[in-house]
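Below you'll find a set of structures to go through.
In what comes next, chain A is part of two complexes: it sits with chain B in the first one and with chain C in the second one.
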Partner chain A sequence: MADLRINLAGIESPNPFWLASAPPTNSGYQVQRAFEAGWGGAVWKTLGDPILNVTSRFAGISFNGQRVAGFNNIELITDRPLDVNLKEIYETKKKFPNHAVIASLMVEPQQEKWHEIVKRVEDVGVDGLELNFGCPHGMAERGMGSASGQVPALVERQTYWVKEVAKTPVIVKLTPNITDITATAEAAANGGADAISMINTINSLMGVDLDTWNPIPHVAGKGAHGGYCGPAVKPIALNMVADCARHPQINIPISGIGGISNWRDAVEFMLMGATGVQVCTAAMHHGFRIVEDMIEGLNHYLDSKGIVSVSEIIGKSVPKYSDWGDLDLNYNIAARINTDVCINCNKCYIACEDTSHQCIERLTDSTGKSYLKVREEDCVGCNLCSIVCPVDGAIDMIELPRELPPMTWNERQAVLNAAACKVDISK
Partner chain B sequence: MPTEKMQRISLINLEQNFQEVEQGYSNQEATEEANRCLYCYDAPCIKACPTGIDIPTFIKKIASGNLLGSAKTIMSSNPVGASCARVCPTEELCEGSCVLNYSTSPIMIGKLQRFATDWAIQNDRTLFGPGPSNGKKVAIIGAGPAGLSAARELARFGYDVTIFEAAEKAGGLNTYGIVSFRLPQRISYWEVEQVKKLNVKIRTNTAVGKDISAQELLEKFDRIVLAVGMGNVPSLEIEGENLNGVYDAIEFVKATKTGKLSQHFIGKKVVVIGAGNTAIDGATCSVRLGAENVKIIYRRTAEEMTAYDFEYEFAKMDGVEFRWLTAPKRILGDENGKVIGIECYKMKLGDPEADGRRRPVAIQNSEFVIQADAVIKAIGQTRHINLIEQFGIAHENGVVQVNPQNWQTSNPKIVACGDVIFGKGKGEAMVVTAAQQGKMAAYEIHKQLSSVSSPV
Partner chain C sequence: MSEHLQFLAQREQIDILIGKGYRIQSVKEHLNGATVEFFDAEGNQQETLLVGNANARKYLSSLLVKQNQLST
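Moving on, here comes the complex of A and B:
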């Protein structure tokens, strides 16, 4: 069994799986149930001045019958009094001293407000703080959440105010509703943040009811944008984590969030630079018990790779993530169809014929049986056929022998520019 | 211990025994199954369907919630697509060719087709309208699957179509011949209504050759489609065939679909002669009418039996017993002329016949008696030779001869389709084949009549 313990900027937890600040961490009852199920940590539902909520609050997206491919909410921060939350945090921490309890915080962007809440929360024994600069709905209209999180100067200043008084590690949770997340991540680092977490939810409108023409979800026939999360956002979140992880000016740990549904997703986030992960939608879809497979699956994976501690995988894929200009222009792959596995649905054929490079042929063998064949000389190696193929192993993308040495776009341009300079000089 | 059959069959409420066996999909089941379809390009299921239904398209439409479009896609290719959803041997056709047979498990195409057509039936949708009138008249003889199919296509082209049907109701085999627990009559009636809504006139209770002459039709109509199907079960040519308690399987099944169900079979012993799909129908209907014991006797073996595998399995589930290599010698009656049993020969298989099946030969001195209160004959169907000859068209033992290119009979004004042209060794007589032939016959007529410039 591998060592699954993590240490994120000084916050220790028995495994990398934390519940994100959200409905699942609304109360002591829930967080304690989660810890009993095996979760390594929990970021408490955001504390702040009490608010009012509306009904309804959530919506899910089904894709071809698969429920909760994406999820959104218009619920605000905790609607329970601060005293009640603090009492339950205290009790929870007492019962589970080895589990990480992090308080998510959101107040108006004023120094004394931040100072006050940080002190009160740290008094009950939390292991760390997470500043919610990400909530995209409701609170943002009042200048909090993503309204703060979209302005690098506000992120830096508020982080600084928190750090003035905080005794525990401070995580800044970032919003993806911004052109370049590394700008706010850098601001958090500059403000003294011990770690960053991402992503918070994405601005979204889940749908429109075809009969009532109401937005989904709606409140008495009216809707407002919500925060999008769940499996569908994973690629967006992973890119943002990776971009921060490879940024030279951002050198603090990352807590990865966004569509993580199982141990495989967690491994991907950790390979791309996350020290630990936070989960919400998967728990809301299936309950806390899903963590059992997350822990076991991660363990088996690490064992199979001969890795002793999960912390060894952190950031291992970051050097492999770069800019387009650094990709090798002379690397070539082509599709190859394994006719013994192929079931002849012709999906690859029509996808290539209509929407890619017209290089799959429908042929008939000597016995009259039809089969598909890739014209390799015309194949651009785009992957489309293997993506639409419904059968594992029917299409392989094969690496072709190199004809030219590796050369990236940037290298090519450098060579061309150098040549142009020489021409200029010779003139 | 109560058998499965005893639990399912009510001796008090026979009607209940004739309710449809197979349950349709719920919305959610249909959506899940539809989403499983790969939406193949140039899909093999389309080619495997005799009527060429664009199956991936109709399934995609179920998945998207476009049920009206789905039903139209089905019914435009197959005018009796709602019946076929229930009676087609899908394992041998569309589902048998599904590419998922080679990876997971095939899409339940028949059940999805039923879901879409049931939706159209329940929501009382009219799927097609008649084409603008072209002033030409076509008579169709027989309102079964082939005739209805031809009528539907001709009406959409704008022909003035009249169907002549000898029975009280239209629908042919679908209305009278397929057991209710497989195909409720309302499905067949809905298909008939769909055709009627295209201004097709259906003259029921009108037997051509009796109520109206062949000559009159030839004079009054531009073209004639002969789609009369087949007749009743032929004579066994054995002693005792006219005893009280001997039934024709076609008539026997028809009786379970018209009027009140007979109470006479409760607790009785029934012997069915033959092992085709009609024999199975006769046997399973007997079980559902409350018969205590039902035996099928067949002069060959399970190997040569023409009933579909799923029908055979269904009969066994119903507790029907099979007596292979058994042929009837004579039917025995009591002093009142009532059936009391059937004397049979034991058979053995000899040399292969022309159709490749081995000839059954009676074993000498092997006679034995099976007790029976009723005997149902299901040894094939007779041909409407008399009617065919009234039209003066060429036939071979009642099988109308057609040019396979254009479905034309020896009289160029008459095309023929469906069971009336179905001969031995020419595949299977399926509803879906008849529907396709009806379509093709209609297209041929349209080709002929639309290329001839109409006289001014």
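Moving on, here comes the complex of A and C:
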């Protein structure tokens, strides 16, 4: 059994699986049940001036039979009095001293407001703070959440105000609703953040009812944009985590959030630089006990790799994540169809013929049986055929023998420039 | 003509010149690909090729990298 303990900017937890600040962490009852199920930490549902919520609040997207492939909410931060939350945080921490309890905070961008709430939540023994600069709906219209999180100067200033009084580690939670998340991540670091977490939810409208023409979800026939999360957002979140992890000016730990549904997702985020992960939608879909599979799967994975501590995998794939200009132009792969596995459904043929490079041929063998074959010399190795193929193992992407030495676009351009070659854009 | 056959044809044109001792003198990139000027070893003879095929332009670039490495 590997050591699953993590230390994120001084916040220790028995495993890397935290519940994200959201409906699952609304109360002490829930967080304590989550800890009993095995979660290593919980970020309490965001504290601030208690709000008023609407009904309904959530919407889910099913895709080809998969329920909750994407999830959207228009719920705001806590609607319960601060004192009630603080009492429950105190009780939870007392009952689970070795689990990480982090208070998510959101107040108006005023120094005294931040100072007040930081002091009050730290008095009840939280292990850390997470500043909610990411919530995209409702609170943003009041100048908080992502409205703050989209302005690097506001992120830096508010982080600095918190750090003026905070005695526990400060995590800054970032919004993905911005062109370049490294700009706000760097601002958080400049403000003194001990860590960053990402991503909060993505601006979204889940759909429109074709009968009533109401937005989904709707409140008495009206809708407003919500925050999108769940498995569908994982690639977006993973890219943002990786971009921050490889950024030379961002040298603080990352708590990864965004569509993490199982131990495999967690490993991917950690390989791309996250010290730990936060989960919400998967817990809302399947309940707190999914963490049992996450812990067991992670343990087996680490054991199979001979890794004794989960911390060893943090950031191991970051050096492999680069810019397009640093990729090898002379590396070639091609599709190869395994005719003994292929069911001749022609999905690959249609995809290639209609939308890619027309390099799959429909042939007939000597017995009259039809089969598919890739003309490797015309295959650009795009992967499309293997992506659309419904049968595992029917199409392999084969690495072709190297004909030319490695050469990146950047190397090519450097040589062209060195040779004083001209780029003529006039034609 | 397939993309691959285009590549083979353009690579052959390049290889013929390289085989005759020509060196890449300049590459002018534009919307139709690259116009490449070759000079023979003495610098007397000039040949110009339009290289439009993507793989041929990769090939040409690799030759230029190699030529640059040999000359430095």
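Following the convention adopted for this analysis, the second predicted complex is superposed on the first by the 420 of 427 C-alpha atoms of A that agree within 3 Å, B and C clash if a C-alpha of one lies under 4 Å from a C-alpha of the other, contacts with A are read in each partner's own complex, and residues count from 1 in each chain.
Everything below uses one rule, namely that a residue touches a chain if its C-beta (ideal position, glycine included) is under 8 Å from a C-beta of that chain, and two chains touch if they have at least 3 such contacts.
Every value quoted in this text rests on a predicted model; they were computed, and no experiment measured them.
By the document's definition of touching, neither partner reaches A:L400: not chain B, not chain C.
Of the two partner chains placed by superposition, A:L363 touches none, neither chain B nor chain C. More residues of chain A lie in contact with C than with the other chain of the pair chain B and chain C. Contacts of A:V415 after superposition on the shared chain: chain C is touched, whereas chain B is not.
By the touch criterion given at the top, residues 31-32, 35, 38-44, 63, 99-100, 102-103 of chain B touch chain A in their complex. Taken in their complex, chain A has these residues touching chain B: 64-65, 343-347, 349-350, 362, 390-391. The touching residues of chain C, when paired with chain A in their complex, are 2-4, 24, 26-32, 58-59, 61-62, 64-66, 68.
Interface residues of chain A, counted against chain C in their complex, comprise 329-330, 357, 375, 377-378, 404-405, 407, 411-412, 415-416, 418-427.
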